[in-house]
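Look for subunit A in each of the two complexes below; its partner is subunit B in the first and subunit C in the second.
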Partner chain A sequence: MILSVDHVSVAYGKLNAVWDVSLGVGRGEIVTLIGANGAGKTTLLNAIVGLLPVKSGAVYLGERNITGRKAHKLVQLGIGYVAEGRGMFGSMSVLDNLILGAYAQHRGWTSQLGDAAWLLRREEFKRRIEHVYQLFPRLTTRESQKAGSLSGGEQQMLAIGRALMTAPKLLLLDEPSLGLAPTVAKEIFGLLNRLRGEGMAILLVEQDAVSSLKIADRGYVMEMGRIVFEGTAKHLISNDKVRQAYLGQVWRSTSETPAQEGRNQV
Partner chain B sequence: MLSLIRGRVKMLAIAALVVLLIIIPLQGNAYYTSVLIIIGIHAIVTVGLCLLMGYTGQVSLGQAAFYGLGAYIAAVLSKTYHLNPWLAMAVAIIATAAFAFAIGFPIFRLRGNYLAMATLGLGIIIWILFRELDWITGGQPGFLDIPTLSIGGFAFDSDLSFYYLVWGFCIAVMFISQNIVNSRIGRAMRAIRDSESASQSLGINTIMVKAKILALSAAYAALAGSLYAYYVGFIDPPPFGFLFSIRLVAMAVVGGLASIWGAIFGAATVRLLTEFLHPFGDIDTVLFGLLLMVIIILSPQGVTRGLGDIWRRLSRRLSPS
Partner chain C sequence: MATWQLVQYVVTGITVGSIYAIVGLGFTIIYSVTGIINFAQGEFVMLGGMTAFSLIGLGLPIPVALMLAVVLVTLVGVVFNLTAIRPAGRASSITLIIITIGGALFIRAVAGLYWGRDAVALPPFSSGASLSFLGAYIRPQSLWVIGITLVLMVVVYLLLNRTLVGKALKAAAINRRAAALVGIDARMMSLVSFALAAATGAIGGIVIAPISYASYDMGVMLGLKGFVAAAMGGLTGVWGVFLGGLGLGLAESLAAGYISSSYKDAIALIFLFAVLLIRSRRLVAGEEAAA
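== the complex of A and B ==
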């Protein structure tokens, strides 16, 4: 496993938002976390990437215990995070946004000197930026445009591209399809598929359970801060309870999977 | 191509400004020269505030305190402890920056209005210390007979020589700041302004960056403060109080918060207004409040940007196509 979350609870003050959650994501695997609004999905992600403190339990990246590490340190260990709402640096150009993605790799005293320092390490940087442009050809034409003036879909592409500039082993995405036209969302999901092929471990939080289960290998369903179902994506899709609660009538089929109370292996 | 032309125009404008600054004092009017010296000193503080407020998005209503610390540390060390004034100035800058850096870590846990209140409180506390620690600072009556700067046998004791000294420092500070803005940390600053959590998840230690920029702005303020002390030769608490902090914010806003060279324009406008309004007493403070409101409503990018927009609109309307 690249990411292992081991019995993690997260609280806002005295209020527990995530209860005793365990999950794992392996190399070259897309794992999706689905659930209604307020189920604790974003809270869990924020705790994994160090933006929120973990109350109990532990988070491992490979063998390394990363519980309680600050967000800016985790980037150097290989965690890329695409937050909900994209977190664009709207006043800066697309290129500057991407350059900022490589911030953590661009270290040392020379980095303080200005843009000239970039030239010293240009090869590695260029390779990475070309990879991003190859994945999102649309960003190439927008390079010098302000990020704030991009369309929603382009901003989402930039947000993912920027996270890829950190050279992550593990990519966490929070609602990447939110507010996007279906065709654009499809494009984004297609891209995640491609990244999986490159060996990336991906944890995908989505409200659009249908689309995310379609591309995911495995899935977890969260309710009221707890994981109530887990299993392969195929099994989750055919599970009655999951279907009723999250997939709508479209997915009603004749298969009869017994649904139990609490946490189920399906 | 367009950015290249814009870059050229900017270089020309800066060159013109430098030439203008060299020529102006040769007109010989001592009053104008003294006003320009003060504008230069204020512009140095304003640039620091622009880096902090305009580029990093962090409010400071206590910048006058760093200005005062610079002035008092330089004055006390050079007069009471007979330290070389240059050395005293260096110590003042380093000590003030170190203090700001240390205070940055607790203070930047706060945001927005709370940060404004905290910096305001800090400014007032330090101002009270200037007034009450009278065995060190001279207290209310002030601190007299501060020595002036000199190199070898040449003393900066005339307004003309001090003018060139101040503006030399000012231009240097502008160039350093422009470089910082275009560097890695400059990008991090703007990233923090646009989205702090996204900055963190890209590996930017946001509190560290903010503390560094606060320290840099404090260093600029201390440099300006020590220049002020050496220029006037006398300091007392009033110029380092809350009202000056507000005036500094006005200078930064008028100049266009995220504009390094606009700081000179902002400092000049606010200073000249103060000079014109001098006969009317404290009314200038009321006017700066109004000015701030009007600018933020009509042209939140600052007056320099606002004028640029008006110019572009006019030229578009006047062009035949």
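== the complex of A and C ==
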């Protein structure tokens, strides 16, 4: 496993938002975390990446216990996080946003004080940015544009691109399809598929449970801060209770399971 | 009114304005990274002048003494950030600003105890007679002041706009959380901004000391005028504060020359009044837009 979450609880003050959650994500695997609003998905992600303190339990990256490490340190260890709302540096250019994605890998004095143009000529940096441009050709033409002026879909691509610039082993995404046109969302899911092929471990939080279960290998369902179902994506899709609670409405409108449609309707 | 007089006032105005620009630069650096208006900035300037004076008094060669003074004051900036700003965590800007006022009072009091109340003078950076230009006299130190200001502005501009650390400083100011997610530690960026502001402040104190003397309380007025320069420049850009400083310096010098030298400081206060009036209106407008 690249990521192992071991009996983790997270609290805001005295109020527990995540209870005793355990999950894992392996190399070349997409794992999805689904559940209603307020189920604790985002809280769990924030705790994994070090933005929130873990109250009890432990988080492992590979063999390494990373519980309680600060977010800016975890980036150096290979955790990329595409937060909900994207978190652009809006008044900076697309290129500057991508350059900053590689910040964690360039902490030496020469890199810090070197001209950014010089950084762009460095081999491994060039390779990475070309990789991002290859995944999102649209960003190439927007390079010098301010990040804040991009469309929602382009901003999401930039947010993912910037996370990829950190050279992550593990990529966490919080609602990447939120507010995007269906074609753009599809493009983003296609990209996750491709990253999985490159061996990346991906933890995907989605409200659009159908889309995310379609692409995922495995899934966990959260409810009131706890994991209530887990299993392979296929298993979850065909689980009656899961479908009733999370897939019902959406599933009915698709034509893929006509035989079972009647059962979920109340 | 003779031409040479006007030229003389303009030269004086540009010289003094350059100093205000340097002092204002420190305000701008810290404000644009952390949102704090650092009222201890004037004390960094004072410490630069006084420390250089003491180090020269110890018999160090002048260039060594001046550079060492900048290094020492930079360390003061770092210590100030670590002991006064960092422990306050994510307190509101107002709280942090009040902390800097307390810090300024503390530094000034310690300086008064250590150096006493007398003003001291540094030797000019180069000897030689004043140059004559259109009938006006230009002291070599004026040229040093203007030259060093320009170099400093360019260096800080390049540092903030072209280097990776400059981009990181900006990023931490724009979105602290997003910055953390690419590996930028906002607390470290705050520290860097204080170090940089202390260094520029010290340089300002050192270059002005041969012209107008240095004393434990010189930071009060210089800090105020530097703040006016920075606020006139919008508190965010290097060139804005440069123009703000020159504008203030020229206005002061011309008012002192043509009206009365007793109006010199009043000019700065009038500018301050105007700037606060305009900027606070803008702030209110910004809040409305956000709401």
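To be clear about the criterion, the second predicted complex is superposed on the first by the 240 of 266 C-alpha atoms of A that agree within 3 Å, B and C clash if a C-alpha of one lies under 4 Å from a C-alpha of the other, contacts with A are read in each partner's own complex, and residues count from 1 in each chain.
In this section, contacts are C-beta pairs under 8 Å (C-beta built on N, C-alpha and C of every residue); 3 or more make two chains touch, one makes a residue touch a chain.
Since we're looking at a predicted model, the values are computed, not measured.
On the superposed subunit A, the two partners subunit B and subunit C do not both fit; they clash.
In the superposition on chain A, no contact is made by A:H7 with either subunit B or subunit C.
Overlap of the subunit B and subunit C interfaces on subunit A comprises residues 49, 51, 70-73, 75-76, 81, 83, 87-92, 96, 99-101, 103-104, 106, 111-115, 117, 162-163, 166. The residues of subunit C lying in touch with subunit A in their complex are 159, 162-165, 167-168, 170-171, 174-175, 177-185. The part of subunit A that touches subunit C in the complex is made up of residues 49, 51, 70-73, 75-76, 81, 83, 87-92, 96, 99-101, 103-107, 111-117, 119, 162-163, 165-166. Subunit A makes touch with subunit B in their complex at residues 49-51, 70-73, 75-76, 80-81, 83, 86-92, 96, 99-101, 103-104, 106, 111-115, 117, 144, 162-163, 166.
Contacts from subunit B toward subunit A in the complex involve residues 3, 179, 182-185, 187-188, 190-191, 193-195, 197-206.
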